[in-house]
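Chain IDs A, B and C follow the sequence of writing; residue 1 opens each chain.
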Amino acid sequence: MKSTAHAFPENVSAALRDPQLNKALAKFKAGFPQRRATAVAALPEFEALRDEGKRIKDHALAHLDLYLEMFEANVVARGGHVHWARTAAEAREIVLKLCRDAGARMVTKGKSMVSEEVGLNTALEAAGLEVVETDLGEYILQIRKEAPSHIIAPALHLSKEQVADDFRRIHTHLPHDRQLTEPADILTEARVLLRDKFLQADVGITGANFLIAETGSTVIVTNEGNGDLTQTLPKTHIVLTSIEKVVPTLEDVSTLLRLLARSATGQEFSTYTTFSTGPRRPGDLDGPEAFHVVLVDNGRSALLGTEMQEVLRCIRCGACMNHCPVYHAVGGHAYGWVYPGPIGAVVDPAILGIKEAGHLPNASTFCGKCESVCPVRIPLPKLMRHWREKEFEANLQPAWMRQGLKTWAWFAKRPALYGAGARVAMAALGLAGRRRGRFGMLPLAGGWTSQRDFPAPQGRTFQDLYASRKGRTHG
Amino acid sequence: MAESARDGILGILRGAARDRDEAAARAAVAERVKGHPRNLVPARGQDAGAKAVDRFIQMATASAATVEVVPNGARVPHAVADYLSAHNLPSRVRVGPDADLSALPWDRRPTLEVLYGPAAPDDLVSVTPALAAVAETGTLMTRSGPGHPTTLNFLPNTHIVVLPVERVVGSYEDAWDMLRAGFTEAAEFPRTVNFITGPSRTADIEQTPQLHAHGPGRLHILLVGDATAPQG
Amino acid sequence: MPDAQTAQHTATDATTRPRVGLMVTCLVDLFRPAVGFSAVKLLEDAGCEVVVPRQTCCGQPAWNSGDRADTADLAKLMIQAFEGCDYVVAPSGSCAGMVRKHYPEVFKDDAEWAPKAHRLAQRTYELVSFLTEVRGVSALAARYPGTVTYHDSCSGLRELGVKEQPRRLLRGVEGVKLVEMPDAEVCCGFGGTFCVKYPEISGKMVGDKAAAIMATGADTLLAGDMGCLMNMAGRLKREGSGVKVRHVAEVLAGDLSAPPIGEGQS
């Protein structure tokens, strides 16, 4: 998908002025963190499981080449095929060719963020294929021609009225005056409509939450069951996923599954967790005849062995954005690309480049909430700071900020000069603000005073006062 | 010829791991997969016997499934037929051609029409076995195979699962052990393993939880046996 | 994991008179010396010898802007300034967290300075948790008539585990009625340079925070970090709120000589 991450400040302005979005986000920030807290409180071992999750993923990443080779060998041993894609373009080409080879006209899709990342739908549609998203949220976004605003709750920004309007606009075969007032009406209409698509599809494309080296299985986790119908009914199942998702064993994936749903939606476990291993076997009465796994790199391998490697532990639960006060304020679209929130602020620059996505790791107060809920303990603020270092090294920060900080640091490194300057500046500011105690406007402080008053200093600095009091006491 | 994508990616990954002791790394990987050691299993996943059954019933119910205990297999056709009539459903079920299910005395309820095979688009109710049930989250584990078409788990609106009470285990790891115990040279890991926890659902409209998305809207579990007796 | 600040030094304990360097923090130094004097009083009352070496800033603004070189230069000045102290105490979770959690990382590839940074990190504390956990302070003689609500500043809370300590001491202050605001642990939107780089997001966050504060009906807002306090006070005053804003140290020390933050001298 096309990035607007460079326009983050403009995106933010628009988001903050969107009343529907604000309403949805208010509900979101009250709901998701509370549900996670309840689930975590019900499992005393949760914090220890986070350590286990980190350990498992660290081990897998330290042996990523070996586990990927093992995964591939096991997929092939079970009659499946593995394809490797270095870039988004290669991934699109591979999937398109597989669809063509299957003689496909219609493709159903389960929810896949990697597919958003590589821009798959546009490519398939340009080649004349009908592509149908089957996750309810994704389906709604597809007919609205919008991107997901959250990695697990893609349509959380919309109201049911908006969706009802879209359904009336698109589903023209149904009576226009039908009832679509309740969420249940909308769900029923979508279920009936998509049922036909599941049955007609030639190819089903899903993502994967995990890959298991031991068995050559791909794993999807859903609540709707759409991913299962997508991959079970058509003749060909294509799994489009990325290289960092491989874990060693069924035991390892079980531990990560204990973390995933609780962190994501606050469920004890998602409704469906499906392990897929190759095409249908002799004697099977259903299931795909062909099974393909497309392993996408798209910038991930370059992070391995660097200070950014820890982000590859991510299991895409969304807990960081569920708890992020910045995400709560602006929603997912403002980030301008596939992965919003704290994880996006770390991943997006890795894929898009720091020049395009530089705002994202800067748009954080480093409040640390994301790290405190991450099921695999990714130090997200630290990794955002690494991006800021890269930005600083490449001289990409705004000049006013760079100059301001340089000047401040120059003084701060010269305590005597700093002290003298501070005495003069605070005396002046303190005197000017003495009566009211604050400033509504100040030169060069527009960023501050556009939102809040600027409290006036008391007038003399602590070090100045302390020295003179000490002087009086002792001399 | 240009370097393949596979070699390119693996080359970068190996480069990043170049400081690793290669022999030790390969040994560690092989050993981990061969031994597949358990990680931390929460206390609530370590229940067994009647305690596990209790927890399974409690957790499955919390996930919006319904659970009914029947004393023996002969009662299953009655329980199925009664469930259908209680929910005002036509007296017809699609059953996986599994040996154990086929052997049940379905003819005791002559009005109940039993069809065998994978799910057809207009099937309203399926009856399937499950390999195991996991107490810690009320989760069923099913596996694909000639007697167990996967579509039965997803296409019909109502999914009835028949599960001998001895197959209730504490944790996912226990369920994997049960699955692995059935591996033979010819048939190892099944094509599809499903973990199913309650009926399908979505919260994609205004974050409002709703049951019955694309998969079944009702999940009914028939636990067969004496749920109060200590199990092995 | 939040780091519960437990005493790691055996050389000093609650019965001896440790030499404590006050890391006054640049914002207290410049804007609110009253907080510095309150800290001095609290530390002296807790049996410490307080020294105030000449200092500027811990370097956090440079660190969070990706400027490692200036951060290291400023950190070296701090390390040198506090060399002779048994403990270093800051009336700020953010600045104490910078020293405790980040200095070791600043110097992780510097064989000469890494051990010095570690040494400073281990003996640096946030003021209130130092008083309660290292000095065993459980009651104070202070008096403050009012209903107060306490905002948990992010670094103190998540980097240093400061949560119950200030509340415990506040409950012991005569006249104080403590009420909790909704979302006390949610960031106020200050974030150092964040608040001027992304004013609209910061404005939304501090607007929500101000609403939460006002919803409590408290007449006083307290917190342990000047940055957050200036941000919240500025917004409360902009919205015409009469809520008085002070650093928690002022109330604990019973020093109300300065007008509340953002209010004029009558």
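Everything that follows uses one rule, which is that a contact is a pair of C-beta atoms (placed from the backbone, for glycine too) under 8 Å apart; a residue touches a chain by one contact, two chains touch by 3 or more.
Keep in mind the model is a prediction, meaning the values are calculated, not measured.
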Could you find the chain whose CA centre sits the greatest distance from that of chain C? B
Per-chain C-alpha centres versus the global one: which chain is nearest? A
Could you put a whole-Å number on the gap between the CA centroids of chain B and chain C? 53
Separation of chain A from chain B, taking each centre as the mean of its C-alpha atoms, in whole Å: 30
Just how far, in Å, is the C-alpha centre of chain C from the one of chain A? 32
Give the residues of chain B that touch two or more other chains, as numbers and ranges in rising order. none
Which residues belonging to chain C are in contact with no fewer than two other chains? none
Across the complex, what residues on chain B touch chain A? 4-6, 8-10, 12-17, 20, 25-26, 28-29, 32-33, 36-40, 42-44, 59, 62-63, 97, 117-119, 121, 137-139, 144-146, 149-151, 153-155, 171-173, 176, 187-208, 210, 212-216
Of all residues in chain A, which touch chain C in the complex? 9, 12-13, 16, 47, 325-326, 329-330, 362-369, 371-372, 382, 385, 387-393, 397, 401, 405-406, 408-409, 411-413, 415-416, 418-419, 422, 425-426, 433-438, 440, 445-448, 450-458, 460-463, 465-466
Residue numbers of chain A touching chain B in their complex, please. 24, 27-28, 31, 43-45, 48-49, 52, 55-56, 59, 62-70, 78, 83-86, 90, 134-137, 140, 153-156, 158-160, 163, 183-184, 186-187, 191, 194-195, 198-199, 213-217, 223-226, 228-229, 232-233, 243, 248-252, 254-255, 257-258, 265, 268-281, 283-287, 295, 297, 301-302, 304-306
What part of chain C is in contact with chain A in the complex they form? 1, 24, 26, 28-37, 40, 52, 54-57, 59, 61-68, 70, 73-74, 77, 105, 154-155, 157-159, 185-187, 189-208, 230-231, 233-235, 237-238, 258-265
